[in-house]
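Paired with chain B in one complex and with chain C in the other, chain A is shared by the two complexes that follow.
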Partner chain A sequence: MEFVRHTLPSGLEIVAELNGDARSVALGFFVEAGSRDETEEVSGVSHFLEHMAFKGTPTRSALDVNREFDEMGARYNASTGEETTLYYAAVLPECQDRAVRLLADILRPSLREDDFNTEKQVILEEIRVYEDQPPFGADEKCKAAYFGAHPLGRSVLGTAQSITALSAEAMRRYFRARYSPSNIVLAATGRIDFDALIATAEESCGVWERFDAPRSIRPAEPNQKFLTVHRPEATQEYTVQMSDGPAGDEKQRYAAKLLARILGDDSGSRLYWALSDPGLAEHAVLRHYEYAGAGLFVTYMSCEPERTADNLQVVLDIYRNAQTAGVSKEELSQAKSKVSSRIVLSSERPMGRLSYVGNEWVQRRRYRSVREALDTVASISVDDIQSVLTGYPLSRSTTVTIGPLAEVPQPA
Partner chain B sequence: MEFVRHTLPSGLEIVAELNGDARSVALGFFVEAGSRDETEEVSGVSHFLEHMAFKGTPTRSALDVNREFDEMGARYNASTGEETTLYYAAVLPECQDRAVRLLADILRPSLREDDFNTEKQVILEEIRVYEDQPPFGADEKCKAAYFGAHPLGRSVLGTAQSITALSAEAMRRYFRARYSPSNIVLAATGRIDFDALIATAEESCGVWERFDAPRSIRPAEPNQKFLTVHRPEATQEYTVQMSDGPAGDEKQRYAAKLLARILGDDSGSRLYWALSDPGLAEHAVLRHYEYAGAGLFVTYMSCEPERTADNLQVVLDIYRNAQTAGVSKEELSQAKSKVSSRIVLSSERPMGRLSYVGNEWVQRRRYRSVREALDTVASISVDDIQSVLTGYPLSRSTTVTIGPLAEVPQPA
Partner chain C sequence: MTEAIQSHRFPNGLVLVAEPMPWLDSAAFTLLVPAGCVHEPADCGGLTSFTCEMALRGAGPRDSRRFIEDLDNLGVEWSDSVSTARTGFSGATVAGNLPTALEIFADVVQRPHLPEDQLEAARLVMFQELRAVEDEPAQKVMIEAQRHYYPDPWGRPSQGNEEAIEAIGIEPIRRHFGLHYRPNGAILGVAGRLDWPELKDTVERLLGGWDSRQAPGVVDGVAGKKVEHLEQETKQTHIAVAYDTVPYRDPDYFQAWGAVGVLGSGMSSRLFTEVRERRGLCYHVDASYHSLLDRAGVFCYAGTSAERAQETLDVMLAVLSDLGRGIEAAELDRLKARIKSGLIMQQESSTARSSMIASDWYHLGRVRTLDEVSRIVDGLTPESINAYLARRPPRDYTIVTLGPRPLEVNIGVR
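Here is the complex of A and B:
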């Protein structure tokens, strides 16, 4: 596999990992636009805008967009996060040009007033369902408590208030502030014809107007809180716990991911053996997430309400024990096997490589081959894990529980 | 890619699609045991037995099984259907032997009395959740109405009654009746070392006792019914509709799959444009399923209760119109693009090929390469689609609706 790149005069970067053995191509426009670029007034506009991209362009109706993806037999979608909006498609190699043209076209959507108003109802319904169904927006509530007024504390979906108040003109302003070609990376993986890719991108995106679109990265000032939200209609109690973790620009983030596997992977981890396997919790996992200038450990737990207090104590004891006694070589070795095997298995498909290659470039302007990724995992030592445990104490967290309990005692 | 096979003296067949370009291997034991092999008394025993396989063997505890899969970083699981129980794992090539040994071991589970009783509660909870959450077991209820007393009419999970009454001894009897090596296929795909595979299988499975395990294939005698099940607490009305379709041994099944895409794919189909896109239904799709000696078209629809009657009429009109006017070349061409692109995309991973290669062998004792599969899709004509529409009228169906409506008028 070979890595190649090219920058258009407009600033749009094209990066590709070429793999002649692949039978498909994966293509994605990574736009540096997400909830952390929003003010409270336009909270949710990045995600809403992503929806609008599929509602028509100056040359295509929404029907045309849908039909053309289907005619190619494309596997396609889009997603919005805190830092990136991604539009992607996986197609057979002979459809490469057509898919690039179509994706490029929807990145200049018409944003028509009536489509905007129709879609607004869809988004409001999405927010309502998210709040009304388990886990009742627990994740967003914990983020808000943990990050406070920092942009990372806001929901990607926005709020019913912000979306209701949002105007099409405000969305157009946001579009003109974030969707500069200099703010967009076109990533491609698989059996890519790179010369053709450059030519098609030049033709489809060359005319996009370039402007300054800086992102302000405010340092986070996390809180430590313990909140209980009462939802009498729930049958389970849902807990989300957040604590500081290595950020996207810190080397320790690799060790952080292995630590999360050791303590809280879905199976075979300390949380698994202590809570999930014996049936004390339906679900108990630890994850690590990284952003520019901020990192996060998140514990998710759901269980019968009456078990909540005991389980929270078990979680805290597991974290404290790890902080003082560290992890074993066997645990680290098992976590490495899991992570390495995931890297290799996901690398077998161009779609599996797309998000890795694209995000690596967007976040760090760097390419990492499968080999390099595996070498990094192999190089992590028990001491590296210990440094993370010491530098980012999991026991110092913000906790939100949502469910039938009116009160939950804080573990000691 | 090369196809190879070998049969052990015990009757266990080993089939493999070798792909030197792959970076992983996928391994699966396909056992010809499923709900259609069960009597009403032991309904659900195949699925329950699949759970028990992970609860320990004479040489491994449940913990050992879990830990060993984790040590390999395996992506592994099992599934039970009407005709097959599948145990599989995807691992790095260096773990091939170890994964085969482990999978082989759990196929001779201890079936200990106390594990059996503990797991019984897990299964009963699974049944309860399945019945209590949308779509409230609509699929199973429609199968029961459509197939009547035929084994295909029974739930894979079993019923609360059958599982409660099931004894460990009855499960052991079922095991001794179905898990003969002559009833099992070991399929493998990816970067497989086939000589090593045979040697490991011989060593791990060679001693398995062989016995006769015939399956009786009773012809189905489908019913036409229209039933409404009242669930006042539901917010949506859920509809499942079943009608006769080409069986697993009929050539028309390829055309049937394309027809289902044309009329009822998730996006870009007639049901999509008529119901999903305009928001009249949350979900409206048509699928084709095949069994030995029986085939099935299934329509799934969910919508606001007050729209149910109108939507059912729309569905019926779409099916009637297709039966009389057929489908267009453009529709067929789009469906072919979708299906071909899915075949190619899923073929990029050994795991994607495993179920295809394994099921093809179990069902038809035949190997089909990606190329052959694509050629078959390409060869289907508009006339072939018409034959399916005429031979298997979608308008002659059994319908079950579940939701807040006490009564739903049958479309005319």
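Here is the complex of A and C:
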């Protein structure tokens, strides 16, 4: 696999990992626009705008957009997070050109008033979907409590109030502030014709107007809180817990990922053996997430309400024990096997490589081959894990529980 | 481009079916055993999942901890699943580790410890899963739709029910395992980087000595109510509509598949266009095809706020009744493009192929190669699908809703 890149005069960067053995291509426009770029008044606009991209352009109706993707047999969609909005499609190599043109076109959406109003209803329904589905918004509540006024504490979806109040004009202003070509990376993986990719991108995106789209990366000042949200109609109690972790620009992030596997992978981890295997919790996992200038460890747990307090104590004890006693070589080697296997298996599909390659470039302006990724994993030592545990104590956290319990005692 | 499919039936009835994909570094397996919810005694709902949960708590030389540790150290990504007629174990890993991964699961299906001292832990896991569904209304309404649509026991949920889970002891689990974890009726699908003679020898060594046995047949009961409302204080009303279609092995399958695709797969499908894109009624709406061996159903889902639920159901039913009047050439062209690219992309995934070939063997007693599917799809025409729809239009719906208020069923009203 070969890595190549090119920058258009407009500032749009094109990066590609070429794999002649692949049978498909994956293409993604990574826009640096997300909830951390929003203000209170337009909370949820990044995600709403992502929906609006599919609602038509000066030359295409919403139905045209979906129809044309389907005519190519594309696997396509979009996603919005705290930092990035991603528009992607996986297609056969012969559709590369057409897919790039279509994706490029929807990145200059019309944002028509009537489409905006129809789609607003869809967004409001999506908000209700998450209100009906575990953890019933506890993740966003925890993020808000943990980050406080920091932009990373914002909700990606927004609220029913902020979405209802949002105007198409406010969305247009947001679009004009974030969707500069210098703020967008076009990533491609698989059996890519790179010369053709550059030519098509130049033709479809060359005229995009360039402007400054700065983002403030101020350090987070995380809180430690313990909140209980009463939801009597729920059956189980859900817990989301956040603590500080290595940020996207810190080398320790690799050790952080392995630590999360050791302590809280879905199976075979310390949380698994202590809570899931004995059936004390339906689910108890630890994950690490990274952002520019901030990182997060997140614990998710679901269990019968009456076990919540005991389980939270078990989680805290596991974290404290790790902080003082560290992890074993065997645990680390087991975690490395899992992570390495994941890297290898996901690299067999262009779609599996797209987010690795795209995010690596967006976050760090770096390319890492599968080999380099595997070497990095192999190089992590027990001491590296220990320094994460010391530098980022998991025991200092913000916790939100939601479910039938009106009160949950905080573990000691 | 497609490699030849290999298959072998061992004297004990186990079928090994394999597809070499030499361009990959990985290999994946899907092991299906004929133990499903339909085989549960009427008062033992959830027994199959319970048995599966217990079978994974140590087998052969490994206790439950070694079992997980060994799979982790091999880098095997694995999962188990329980459905109406089968229990499945599947996994993927770098090709060199496949034989050891198979050895571990060969122990699971032949020599599980079913440790009595872990029965209570497993029971708690079962309870948790059962309760988790109560908090997932979208999942719950689909489970209920299957239960109402298929005659018992074919629509049974794998999670079982609280009373049965409470009462199940180690004996029913051992009996269920003894009767239904058997090689006759079991299928092992393997795809990826593999050497066929070597694989056959490995499987012969690991599973060739597995004793076959006769299992009792399944007696059909009756289906549930046609229209059912489950009252629950949810933000959205969750709507499931099911209707009859032909099973996977039917000669008309691809016609039926085409019709379902036009109805509800992809963002240019009719349901997505009419319910979400034109009217903004919901976030999720789709239709999917579900097949058992000799019966099948189309299951449509939409979730929407209570005050717009009636309109959503009305539009869904109108779209369904329109479908009976036929599809257009452009709609079929889009579907063909989707299946074509899907077939090619399957060649990038050993996991997708191993599960596909095992499932094909279960339904057909053989595997359709990608080339064969491609030829069949090429042969579909709007006329052929419309002729099928004229014979079997969507009708006679099973409708299950879950939410604060029941809905009216207004067939054909827009």
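Following the convention adopted for this analysis, the second predicted complex is superposed on the first by the 411 of 412 C-alpha atoms of A that agree within 3 Å, B and C clash if a C-alpha of one lies under 4 Å from a C-alpha of the other, contacts with A are read in each partner's own complex, and residues count from 1 in each chain.
To be clear about the criterion, a contact is a pair of C-beta atoms (placed from the backbone, for glycine too) under 8 Å apart; a residue touches a chain by one contact, two chains touch by 3 or more.
Since we're looking at a predicted model, the values are computed, not measured.
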Contacts of A:D105 with chain B and chain C, given as first, second, both or neither: neither
Of chain B and chain C, the chain that contacts the larger number of chain A residues: C
Touched partner set for A:E237, first chain B, second chain C, both or neither: neither
Partner chain in contact with A:E38 - chain B first, chain C second, else both or neither: neither
Which superposed partner A:S302 touches (first chain B, second chain C, both, neither): second
First, second, both or neither for A:S341, with chain B first and chain C second: both
Shared contact residues on chain A - chain B and chain C: 21-24, 66-67, 69-75, 90-92, 267-268, 277, 333-334, 337-338, 340-342, 344-345, 348-350
Interfacial residue positions of chain C with respect to chain A in the complex: 23-26, 64-65, 68-69, 71-77, 92-94, 120-129, 131-132, 134-138, 232-236, 238, 266-268, 272-273, 276-284, 303-305, 330, 333-334, 336-342, 344-345, 347-351
Complex contact set, residues of chain A against chain C: 21-24, 54, 62-63, 66-67, 69-75, 90-92, 95, 118-122, 124-126, 128-129, 131-134, 233-236, 267-268, 272-273, 276-283, 302-304, 333-335, 337-338, 340-342, 344-345, 348-350
Residue ranges of chain B touching chain A (in the complex, touch as defined): 21-24, 66-67, 69-75, 90-92, 265, 267-268, 277, 333-334, 337-342, 344-345, 347-351
